[in-house]
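These are the structures, in structure tokens.
Shared between the two complexes below is chain A, which pairs with chain B and chain C, respectively.
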Partner chain A sequence: MTVSFILNGEDVAVKARSADRLVDLLRERFGVAGVLPDCRRGVCGKCLVLLDGRLAPSCLLPAFKARGREVVTIEGFAQTDEYGDIKGGFADAGLETCGFCDSGKILAAAALLERNSRPSREEILAEMSAVPCRCTDPEALVKGVQAAADRRARRLYRRADQ
Partner chain B sequence: MTCLSDLAPEGMVHVLTIRSPSARGRIVAVEPPHLPKGYRLAVAADIPGENRLRSLGVEVPILASGRVAYEGEPLALLAGPDPMVLAELAAQVRVEIEEEEPLLSWETFSSDQVVAKRVAVVGDPELAFSIADKVLEDAYVSGPLEHWYSEPQGALASFDYDKIAVRCATQWPYHVRDSVALALGSRPEEVVVRPTRLGAHLDGKLWYPSLLACHAALAAFLLKRPARLLLTREEDFRFSPKRASSSVAVRAGLDPTGRLSALDLRIAVNVGAHAPLAEEILSQACLAASGAYACPNIRVEGYAVATDSPPMGAFAGLGAAPSFFALETTAARLAEAAGQDPVEWKARNILRKGSALITGEPLKEEPPYDEIAERLAKASDFRRKWACYELVRKRRTDRGDGPLRGIGFAFAYQGAGSSLSGETPGAYAVEAVLDKELRLLIKTSAAVSGGSAIDIWRNSAAELLGIPLESVAVAPPDTDSAPDSGPVSLSRGIAVVNKLVERSCLAIQKRRFRDPLPISARSVYRFPKPLRWAEGRVEGSPFETAAWGGAVVEVELDAWSLEPRPLGVWLCVDGGRIVSPGRARSALRACAAGALGSCLRESLGCDEGRVAPSAYYRYGLLPLSELPPIEVDFVGAERRSAAKGVGELPFDTVPAAFLAAVSLAAGARLDTLPVGPEILASTEGA
Partner chain C sequence: MLISEVHSPQSLPELLELMRRLPAAALYSGGTELLREQAGKYIFLPPETISIGALPELRQVSLTERYLEIGAAVTLAEILELKESALPELLAGALRGVATPALRNLATLGGNLATRSRFMDLWAPLACLDALAELKDAAGSRWINVNRLADDEGRPAFPPGALLSRIRVPLERWDAVALRKVGLRDYPAPETAVFALAARAEKGILSDFRLAFAGETALRLREVEGRILGRRLPLGAKERASFAAEYREAAAGLPSGLRQQFGTLVDGALDLISR
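Here is the complex of A and B:
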């Protein structure tokens, strides 16, 4: 079957088998390195993508489920202003990651801030539980997302002001 | 630094491992189906060099030959270009094993299973017990733990002109190099190891990457193409080394004044098949036998027990954590028996400067127990809460009175600078080069995760040479350019490598205004006097220096479900000079979160000598949403100049503090982790 969808802002179409998972399609057919097929049971958060703006583990998604939808990986998200807010916020809070979970953490933060511009500690930790990793300092992560929320608010305020 | 999953050179073949379906037996046949062109099955006989991996004095077969020693042991490798075809072919490989009854019991064991034994006696324990005012006996079991590192284990081998180039995430690049050279029958110089991003590892990538590197290199050698073996997370979960299970039986005696007068410990460690690191794990467990307490009469007897289970290994240290857990839990009970506040009881019994260690040597430094205990007690309001919670529990009439609460405190140390058996003294080095632009390049094979250790090296070098921090860089830990700096474990990244960086910089500084630039200097590490276990004694220094730390954990038990919920964790650490307080705090909080996970949720269920396939689907790290606030404080940073490793301290303290808190809340004696409602419901008193 042919699966057509929007990948990081571009219309794409690719032949896929019914058993193909989105994570494999993204890595093998589109060379997307920002998704990692790690646990393959939707718990590690290393293959997270934004599917129509919502966080989704691409290892649990059959490729055909992407048909007609918008898929954003960290590569695509890195082109947005929101990415700068979140990276900046993480840096402000001194949040360091192991280098394997950062794309999941950034996308999870993006999905949260899109729904809730001022999340509480509990809301942040609940959303970020989608990306469990041994490297995570929970307090720095909370501060990082809150700092990202501040940056985002300032940017949106400036934009509205203009 | 790139990660292994992203490396796929052109023409690369994938490698799958064909594993033993039986835990013990004789290999009768390993037969492939008809293989298409470009596919190859490799067995032990195809190894051009030696079919053994040397790991600290122990040998592990690269591929099983003749016999299998655990379920999942690699029997053969199947390599080819298409992973889907490989998976289909792997399912058709015929494996026949003449099965035998596996040896799985380790808490009770036969003498044939003992691969290492340690006995040390200090003073006269039997006499001390005979005159003790109170004697307590308890036994504690610490089960296997999964590292759940950032990336599953694997390796990529390819050809780089006349060399085999190996890429893998490893804590010990030179071990990978020497292992691959031995397997391929090459000279070590013909193999180059370029480590990939390590990520969080908790000492799970100490020796096992060398085995997988040998597998990848063998496939590359046979097929003359780059070969990558990358375990799936499930495969890694089921077959890679876990934390070795330990049982610690403790008998402790108190004199009439409530002081610890005698200790008798019997430690058994399940080291699994082939027993890599058996000597180290057992030594570390026995050296921590008295925990952080001064006791004039100690007897410790330890056994490393081989079973037909996957090889067990290190986990955030090499085996001291179960001993600390046992001793701290015993100490909490001794305080209760003596009718004292645990913080005060520990203060009376803690190691002090000059206290005799288990080796008979006096402790050279004063542990900052009083300062740490005071800061923790103040930050957590420990004394008030401890007294209140006990009173509230005693006065409860029924479950309608609301949730139960408890608070616990534990103290431990993290030794650094000890030598491992099988290591060559003087073999580890660091090189530094100061160029004409006054830029310093540090060369070391110490592959560290995170930036803390690198920060410390760069800061030390910049200060000693009086150059800007930005002028100091650390070269990639490749074996073709960096000298062998040994394994990054037991705080070596800080205790050993930083010392070598400082020495190299001092050597450069001496020559700096005399010799023309560039100047390079190489420093070699001299291990302190190695430990010697013989005739019921252990001699030598258990550690060169130590970081000290304490933890307080507060929990709440739901009155109806008995579900424990942590309310707060407080850590206080003396890690010497803290170069990057933010990074050190983050590292400690991340480790505390991991330690809390082992208290509440992480359980492998390895009862039948294997990790059941279903365990993978039940297993998970503690969700961030269930973590309480974790506060970290440092002491002694201004007094001491030397930086020390601190990452193991949460694993040495948080579990015992958690168990003490749950025991207080439930009014029950608990001796194992993780603790959940099913354990509490079946415990008398809960």
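Here is the complex of A and C:
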């Protein structure tokens, strides 16, 4: 079957089998290195993408579920202003993530801030549970996301002011 | 199979026709349970699979003063985004306890209730709330109480060949509710189960009391509930011990760890309504 979708802002189409997972399709057909097929059970957080703006483990998505939808990986998200807010916010809080969880934590923060511009500590910890890597102190993660929310709010305010 | 035929009907009548024509076909919505049992590189789907997650008729939510209706293909995350006053506390609590936010973006209400191997997190609270499930097949549609998705032995009994299209949850006032998930949060295991309680009183008399517990098997003792109703609150120590003993006896077949936790939760529930 041919599966057409939007990948990081570009229309793409690819031949896929029902057995193919989106994570493998992204890596093998599109050279996307920012998703890793590790647990293949949707729990490790290394293959997270934004699917129509919502956080989703791409290992639990058969290729056909991407049809007609918008998929954003960390490579595509890195081109946005929101990425700058989150990286900057993490840096403000002295937060250092590891190579395995960095992209998942950034995308999780992005999905959360998109629907809730001022998330509470509990909401941040709940959202970040999608990426169970323990390289970072949870409290630092909370501060990092809150700092990202501040940066995002300032940027949107400046834009509205122009 | 590495190559399965994946059908994507565009409307409910088209889906029902496909189900009639392909009775062995699997319905695929969020797919989280099916895929979490498969950790290999490839996904093995039945030879015929019908993708139903995008069907508009299964993705509707409506709210009246008396009940909330949710389509079977609405994701758990979408349900949690409904305004707080529209969502019964028991249901909201159970939804928040399901896996992670990323998985809740894929998992659907229908998938959670129609799993045939065990009861997932939403059965106990919905059974406790006496929610109704709308089932459709080629012959028509009917509403059944969610409790009837369990057989007399407490095993999952989702009717074969039926489509779960929506759930109707009554919106009622409760004086006491309690929800507790025991066991592993992310991986359903024999020791994983959900305990739900809802009770209310009028003029010091217990007017409604419902207690449901579900993991690999489901437990709801309507006879015991019937005997508790009408009792004056607070319950006496002797009454509480007697009801607790009945629940413990009914739970004798559960794995020992789960049985002990269930006993503790029943004691806590009887204590809660007595207060």
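Everything below uses one rule, namely that the second predicted complex is superposed on the first by the 162 of 162 C-alpha atoms of A that agree within 3 Å, B and C clash if a C-alpha of one lies under 4 Å from a C-alpha of the other, contacts with A are read in each partner's own complex, and residues count from 1 in each chain.
In the analysis below, a residue touches a chain if its C-beta (ideal position, glycine included) is under 8 Å from a C-beta of that chain, and two chains touch if they have at least 3 such contacts.
Because the structure is a prediction, the values reported are computed rather than measured.
In the superposition on chain A, contact of A:138 is made with chain B only, not with chain C. Once the two complexes are laid over each other on the shared chain, residue contacts for A:40 go to chain B and to chain C alike. Of the two partner chains placed by the overlay, only chain C lies in contact with A:51; chain B stays clear of it. By the document's definition of touching, neither partner reaches A:82: not chain B, not chain C. When the shared chain is aligned, chain B comes close enough to touch A:125, but chain C does not.
By the touch criterion defined above, A:62 reaches chain C but does not reach chain B. When both complexes are overlaid on chain A, the residue A:102 reaches neither chain B nor chain C. Across the superposed pair, chain B and chain C both touch chain A at residues 37, 39-41, 43, 126, 129. If you check the complex, the residues on chain A that touch chain C are 1, 17-21, 24, 37, 39-43, 45, 48, 51, 54-57, 59-62, 64-65, 67, 108, 111, 115, 126-127, 129-130. If you check the complex, the residues on chain B that touch chain A are 1, 3, 5-6, 147-152, 197, 199-200, 202, 232-234, 449-451, 582-583, 585-587, 589-590, 593-594, 616-617, 620-625, 627, 629-630.
For chain C in complex with chain A, the residues that touch the partner chain are 1-6, 8, 28, 31-32, 35-36, 38-45, 49, 51, 53, 77, 81, 96, 99-103, 105-106, 186.
Residues of chain A touching chain B in their complex: 33, 36-41, 43-44, 94-96, 98-101, 122, 125-126, 128-129, 132-141.
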